[in-house]
Amino acid sequence: MRYGTNASACAAVVRRDLLLTWRRRGDALNPALFAIIVVVLFPLALGPEPNQLARISAGIVFVAILLAGLLALDTLFRGDHEDGSLEQLVLSPHPLPLLLGSKIAVHWLTTGLPLILVAPILAEMLHLPRSTLPALLAALALATPLLSLFGAVCVALTVGMRRSGMLLALLVLPLYVPVLIFAAGACNAAQSGLPFLAPLLWLGAALALALVLAPMACAAALRISIS
Amino acid sequence: MSHDPQRLPMSITLARLSRPDWGVSARAGGFCKLMTGGESNDPMPLLEASGLSYSRNDEPVFGPLDFRLHAGEVLLIEGDNGSGKTTLLRVLSGLLAPGGGSIRLNGEDLTMARLSHQVALLGHQPGLKADLTPLENLDFAIGVFGLRGGITPHLALASVGLEGYEEVPVRQLSAGQKKRVSLARLLLVPAALWLLDEPYANLDREGIDLVNRLLDAQARRGGAALVTSHGAYVFTTGSPRRLPLRATA
Amino acid sequence: MNEFLAMGGYGGYVWSSYAIFMLFLLFDFIAPRLRNRRVIAELRGRLKRERKRQEKNP
Amino acid sequence: MNTLTLWFHKFGSPPVFHRIAVRLAPWLFGIAVVSGLAALYGGLVAAPADYQQSDAYRIIFIHVPCAWMSLFAYFFMAANAFIALVWRIKISEILAMASAPVGAIFTAITLATGSIWGKPMWGTWWTWDARLTSELVLLFLYLGVIGLYNAIEDRRQAARAAAFLALVGIVNVPIVHFSVNWWNTLHQGSTVRLLGPSRIDESMLWPLLLMALATHVWFFASVLVRARVSLVELEGGKEWARQIALGKGEPA
């Protein structure tokens, strides 16, 4: 008999989800592609004037990435719920928050990280000043995991539903508002030469808290919605 | 739902597999009455449900049920569609909180028992990832549930008749073959109690025999199993016997 | 009276606010009553169906 | 079982609760309407015009009590949600879910009257004022709870999921408020307040407080009626609910 440790169970979840993403690696690019499409629409709607675009570029990048993340959230539990492996995960003898935390981590790695990687391209398309780019990337590095963690709690609540898209957006929006405000605020402050560390620190504090609490909330929500 | 749950019978059949000398006790109140094989005075049962019931939207789904399951026993739960068999297994596995009554595993409260690796559930869905191979799926199950001694994923696949399919993506397997992969998972994980929801569905004659052999082996190992069936499939091999427990509607 | 209704030139704003307030609360008052009627009707229908079924096979 | 849960089990018994709700609700509505009318008289007739805002300020007599109610209803909902999730008490589930639509209505009134007041004062129907923005997010929180509750088939599971969301929301409300305030100062938006910080005449204060009382009582009356209906719906299989459906029990 070998029961395995919590760490080995989490490793198994991470390994499997990474493998699944690799098998469907074409789909993994979708969020990044979606963010690019959204960003392309703005100059077409607002006109190509560089100064005007530069002024609102940070905000557009964040909104595009938020929307792309929202689009990708649906895949977090849907497949697992449909084929019954979510049940198996819940029945595991290891703590569910840890396993879900691993799932969320992989989800961020496969959707959030690509979004951070395309962010410089998006910024360049919108003429974001080069000097603001570090602030943008730092804010994204803190904000995208938060979006994944908050989103996971809401997805867990809607997991059994067939058409949950609109409802999910409604549930997620109030949770995303503070993240968006601080992340975009940091960039705007950096762009206008103001100190931008404070909002980033707030985001960091929120991330530290959410890393602990969100997987637990996600587990509690999941137990409610699979019953 | 067009049916009134009170009119749906659910019977519980105890199939004593390897220990025919053991007394069997099953008593059910409420919506199903069972003829029992006599009260027992044996040691601590593996699974003990007392007054177990579950309601959805305040409509009773099953229960209150009382039954005990000892090591070496297989309990066949028969009932029509909608009689609450699946719900019963989900309650017993801990996925659903019981509406009333209590479940004890080895004398422990259910949630604690689950933490000590006691229960394996085979649900309606096979719980397999279509993009992964059977071996990869089994590796994941081992990682999350642990591994029984003396068996490997290859051995388990061979014993469910899937030798040579180790590296074929699950999406290319037939429904019956997927079921067999789930059965291989049961063999691998170190659970004393199996909860099998319609294990005979999608299986051919040979597959049904396979399930019965696996159940037999599980009972011989000192494990136990709860099996649901809507009655179309029965134990066909010679060794398991059924106790004539009939539901009265 | 006209002066009262005019509200110092802000009559439109003030009265429309109060009208919205009243309308929303009226809706809040009526909505559960309509739902109550529907729930009771459904329950009666259910009872009737059950009684019919009982008469058919006692 | 401690005294609290015992108390809940006594008054939380559905038939008892239903009987209390049926008796209490008309009285509460009566009190709410009478005190509300008195407050309207005080606000529209008795109170003098503001020296700065003229008569437009009279909107505060409904705007401010409704804004208070929007928060109060959320706290009431979250408290019941907490009780419902921890002790699995059915009445608390129902009370939490009954307060969501009422709270949403008060939030909507707050937003509508706030924007109407903004037109003469700021010259625009909508301004991204910190309070209005927080209130808008609060409305989304309410709509999320209501939407989730209606999207799940099983009523009790739906109530538990929505209650969980309400608890997540109650953590979120102060964070949203804080972040929106920070955002507002960053962008140096308007800081005009509908209600001045300290100076308020007594002739203006009493209609305001009376209206606050009226809206609170109205809230409880409406929640009781809604909870009563949900209770009959949920307990449709039980004898007491059938008696009520057949008109034999308490008058509905």
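Observations, loosely collected:
The letters A, B, C and D name the chains in turn, as written, and every chain counts its residues from 1.
The criterion applied here is as follows: a contact is a pair of C-beta atoms (placed from the backbone, for glycine too) under 8 Å apart; a residue touches a chain by one contact, two chains touch by 3 or more.
Everything numeric here is computed off the predicted structure, so don't read it as measured data.
Here the chain-to-chain distance from subunit C to subunit D, counted in touching steps, is 1.
For the pairs A-D and A-B, the larger set of C-beta contacts lies at A-B. Remark: subunit A and subunit D have CA centroids separated by 32 Å (rounded to whole angstrom).
Each chain gets one centre point, the mean of its Cα atoms, and the points for subunit B and subunit C are 50 Å apart.
The distance from the centre of subunit A to the centre of subunit C, with each centre set as the mean of the Cα atoms, comes to 41 Å. Shared interface positions of subunit B, i.e. residues touching 2 or more other chains, are not present.
Within subunit D, contacts with two or more other chains are made by residues 236. Counting partners per residue, subunit C has no residue that reaches two or more other chains. Under the touch rule stated earlier, the contacting chain pairs are A-B, A-D, B-D, C-D. By the touch criterion given at the top, residues 93-97, 114-117, 119-121, 123-132, 136, 139-149, 190 of subunit B touch subunit A in their complex. Contact residues on subunit D toward subunit C in their complex (touch as defined above): 29, 40, 44-45, 49, 54-56, 58-59, 62-63, 66, 101-102, 105, 108-109, 112-113, 116-117, 119-120, 218, 222, 225-226, 228-229, 232-233, 236, 241-242, 244-246, 252.
Within the complex, the subunit B residues that touch subunit D are 56-59. Of all residues in subunit D, those touching subunit A in their complex are 137, 140-141, 143-144, 147-148, 151-152, 157, 160-161, 164-165, 168-169, 172, 175-176, 178-180, 182-183, 186. If you check the complex, the residues on subunit D that touch subunit B are 154-156, 234-238.
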